[in-house]
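For clarity, chains are labelled A, B, C and D in written order, and residue numbers in each chain start from 1.
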Amino acid sequence: MHSPSAIVLVICPDRPGLVSELSSWVAANGGNIRHADHHTDAGAGLFLSRIEWTLEGFGLPRAAIPPAIAALAERLGGEGQVYFSDVIPRVAIFVSKQDHCLLDLLWRTRAGELAMQVPLVVSNHNDLRAVAEDFGARFVHLPITAATKAEVEAQQLALLEEERIELVVLAKYMQVISPTFLARFNGSSDDNPATNRVINIHHSFLPAFMGAQPYHRAWERGVKLIGATAHYVTEELDGGPIIEQATVPVSHRDGVDDLIRKGRDCERLALSRALRLHLRRQVMVYRGRTAVFA
Amino acid sequence: MHSPSAIVLVICPDRPGLVSELSSWVAANGGNIRHADHHTDAGAGLFLSRIEWTLEGFGLPRAAIPPAIAALAERLGGEGQVYFSDVIPRVAIFVSKQDHCLLDLLWRTRAGELAMQVPLVVSNHNDLRAVAEDFGARFVHLPITAATKAEVEAQQLALLEEERIELVVLAKYMQVISPTFLARFNGSSDDNPATNRVINIHHSFLPAFMGAQPYHRAWERGVKLIGATAHYVTEELDGGPIIEQATVPVSHRDGVDDLIRKGRDCERLALSRALRLHLRRQVMVYRGRTAVFA
Amino acid sequence: MHSPSAIVLVICPDRPGLVSELSSWVAANGGNIRHADHHTDAGAGLFLSRIEWTLEGFGLPRAAIPPAIAALAERLGGEGQVYFSDVIPRVAIFVSKQDHCLLDLLWRTRAGELAMQVPLVVSNHNDLRAVAEDFGARFVHLPITAATKAEVEAQQLALLEEERIELVVLAKYMQVISPTFLARFNGSSDDNPATNRVINIHHSFLPAFMGAQPYHRAWERGVKLIGATAHYVTEELDGGPIIEQATVPVSHRDGVDDLIRKGRDCERLALSRALRLHLRRQVMVYRGRTAVFA
Amino acid sequence: MHSPSAIVLVICPDRPGLVSELSSWVAANGGNIRHADHHTDAGAGLFLSRIEWTLEGFGLPRAAIPPAIAALAERLGGEGQVYFSDVIPRVAIFVSKQDHCLLDLLWRTRAGELAMQVPLVVSNHNDLRAVAEDFGARFVHLPITAATKAEVEAQQLALLEEERIELVVLAKYMQVISPTFLARFNGSSDDNPATNRVINIHHSFLPAFMGAQPYHRAWERGVKLIGATAHYVTEELDGGPIIEQATVPVSHRDGVDDLIRKGRDCERLALSRALRLHLRRQVMVYRGRTAVFA
């Protein structure tokens, strides 16, 4: 319904005049700003900005916008990215045996809540083939063992390239992604919004219960709330920048099974919200943290 | 800790270039923007903007800022207000017999959470004199009956003028404010952020349970959540622009007394959050609604 | 994994000794109580009890339990119902065009979260046939108009009887059920847990925004939270006993479309939680209210 | 308003007939049960029960109840405690410099939300003397250093004995209580509800951010929710049984100061709710966990 828009993300050293400089560039080219959000991290001396404007009637052709923004960002001593709201990212979902997140993401995509395409679902098990194929995704079953991990990850990377995948979502994949995989898929810098390309859902309120079996450990500890955390994946296990967290109350009447069941709702909500924010380019990453312009 | 800042609120018809125009005016005068938030209501064709910048090193003297903004807003066909973060508003709190909101607000003020002074507490009962005076506020006891209402409201207005009060907070005042009082204290326009000068806490999740005895009616209805609503007061009872709402779960084990007790926590949270937002000039009112730049 | 259990719900006038009388009856027959919950409504002078015990090793045969409980309840001047956890209710879901609640309920049933079978999905539109049939449910398309309503409801009732349906869930059905339908399907008394057999999800935080288009009206009113309410359906529109409510924050940035989107998550959560509680016989209805033993 | 009640907490090995045995004992003596809650921990093979009945008209004199319950519990191979709702516990609050929890607890006590007396406030600083004394509590200033810790704790224990204190609340005390102090004040067993006599509020969502400066570390980690945890204090730092947890959303706009400010509301809510549950004897401790009959 909306006409398409351009979205620019800029991160640069803070100084006076930045909001003016960025918004004036848009105005000078005839753009009508739909959203403009900024954040200054005084401790880090950094300025972050997200500006979205209507492409209709804009003075520059699309192809001219990215180089213009690159030049502008360079002049500010920072970095910039450009996205167009009608360029729908191709996303791969990695799963294991649990279907709740996969089904939820596919349903939300079909319902128009998530502006993405899902051409590819990858799994180390064959269980979710039917779910993926029902929604028109190619399902690739790649069993994985400690011995074959390097080789399988190479196959995965080849698939991602073949399908021109921009983003990988680990939707209860239950496997640790190797630094090699990340380095090859993400590219070089963790602080570049364009290079955080893997989102994971962890089934705890991080940093509580990092690692394996968080619900069992939550039950053991006797917590009164459980949670889920959607975050970008970095080399540090469960240590990447957090995008979204959700919690739900539990009681002594809840066994581990109940925690797992209640947790599924948290996981679906946290993951789908994080993914929507990412896809709308409302998330900026810097210094291991996120600014979320929601 | 922070150096003082200027805050400008502008509301005007939407058109391209507004963010640029406002931020460039700040930049041209050497201001370093701390926060810039904007909202476009496409249906209403309106643009709302809040810009906050550091006064230190700003090129214009303070006294010159309000007329400059007025001229700028007029050129945009809208209205503008200017606030300075180190001008601490004088606030009067109206109470009846319940002390929880009054004590909470006074404590938060002393703790530095609410940037306001409370020189005056007005009540139709004498019960809370000690609480008010403990925190250094003048306490004025003005009993009120149907017969004396007009006269007492005139006394209240005289007190507000005498104490140079900018904002009235109804912290469980339990009395309806007359249209006459509102017109005289608020001034003319409901859609002017400067003229919404009375904040009320209503003990329900509006628009459910408008009017009297909301907890009793919530219990009767068997709801599973109760709430509280902080809103600006307008002539329409419990119908003014909503600033903040909070809810808390209840169960069949909760009687009306429990709802009242649990509701007190909601009321304190919703009212204090709304007041903080108002005092930081993060709330803009238009067409009976609020934009809250939090 | 659990061995099956018997669940008894008793409602009777309050007096000393009731917990003892009920639990001793279970103990006298060799039952091991898994859960025992009670509630006294002092104002109403009523005692409500839910007792669940393991059938394994119980001294009475299944068939003898309901008459024994009926006799016991009669002696207490009240009413009792008996359920067995391994008797899986047959549930019909009524839908219109929106699929989120239907898909969610069918998925949760398959995942083991909801102990029900769904042999029948009824709709006034044909849109959701594929979703229903994918999960093995019979889908019956019965268009409805004001003129045909009585006739179509008769057809619906015939279907419910044919499929031996115990419970109807209105999962965004968007049609008002007539008193005639309710009377025929529910049986006579609203205060009998066995006769509340229709659950609806209303897309607002009742009693706010009863009736049509609650999200539009919520947007108009400028609320800061929206909600959903799962309740038993009675003759009074949106006035039946509430089982579960959920809310989610919204802001001025959210248009009606966003409220609808955010509301879908609330609706799914409130409806599925209410249904789980109902299916586990954790909900007792009396005097237009529910006691929820969760 | 209510007539006083007796509350019995029993923990014993699980077997059939326990609910009946306990409730029948109450009934046999003419007691009218107000609340009866039970929990079976199947893994641990334990049965926990809380029964509350009206003392009015009960067949045994008060003094005879504790020995009768002790005998009953012994016969069941477990342990039992007896409390009377009109015996108001004497509670000491330990504080440091922050006043928000202290003021909140004193206000809630005066408002009737917490059924306790606070004859004593102990602090290692003198800052909160006025707050304590305003509410009629004796304030004792005991500065503490690493060198004097053992000696000061001995003085604290003497004060607790002198004032006949049943429960100590660490309301932002910011000092670690030594195992010696705990052993002497708590008595011997951690699994005895009667011997968990120290409640702490920790300013994080445990087990995340155990130890010092949780808000700073939460900010560093970039979490999107912060929390607070009220728990019994054991020898294991921040490892005791959790009674209550609360969370609040935060964003990239929140600095450490904002986390501290928002956290104060969480701390007050979690601590006061936990304390209310404890004082109403709704909390039972076993195996490092709590069952909370709310």
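Here is the rule we go by: a residue touches a chain if its C-beta (ideal position, glycine included) is under 8 Å from a C-beta of that chain, and two chains touch if they have at least 3 such contacts.
These figures come from a predicted structure and were not determined experimentally.
Among the remaining chains, those touching chain C as well as chain D are A, B. Counting steps between touching chains, the shortest path from chain B to chain D takes 1.
Interface of chain A with chain C: the two copies contact each other largely through the same residue positions, with over half of all numbers used appearing on both sides.
Put simply, the chain farthest from chain B by mean CA position is C.
In whole angstrom, the spacing between the mean C-alpha positions of chain A and chain C is 37. One inter-chain figure worth recording: chain B and chain C are separated by 42 Å, centre to centre, where each centre is the mean of the chain's CA atoms.
Listed for chain D are residues 253, each touching two or more other chains. By the touch criterion stated above, chain D contacts chain B in their complex at residues 99-100, 103, 107, 111, 113, 134, 253, 261, 265, 269, 294.
Across the complex, chain D meets chain A through its residues 39, 41, 205-209, 221-225, 227, 241-247, 251-253, 288-292. Within the complex, the chain B residues that touch chain A are 15-21, 23-24, 26-28, 30-38, 40.
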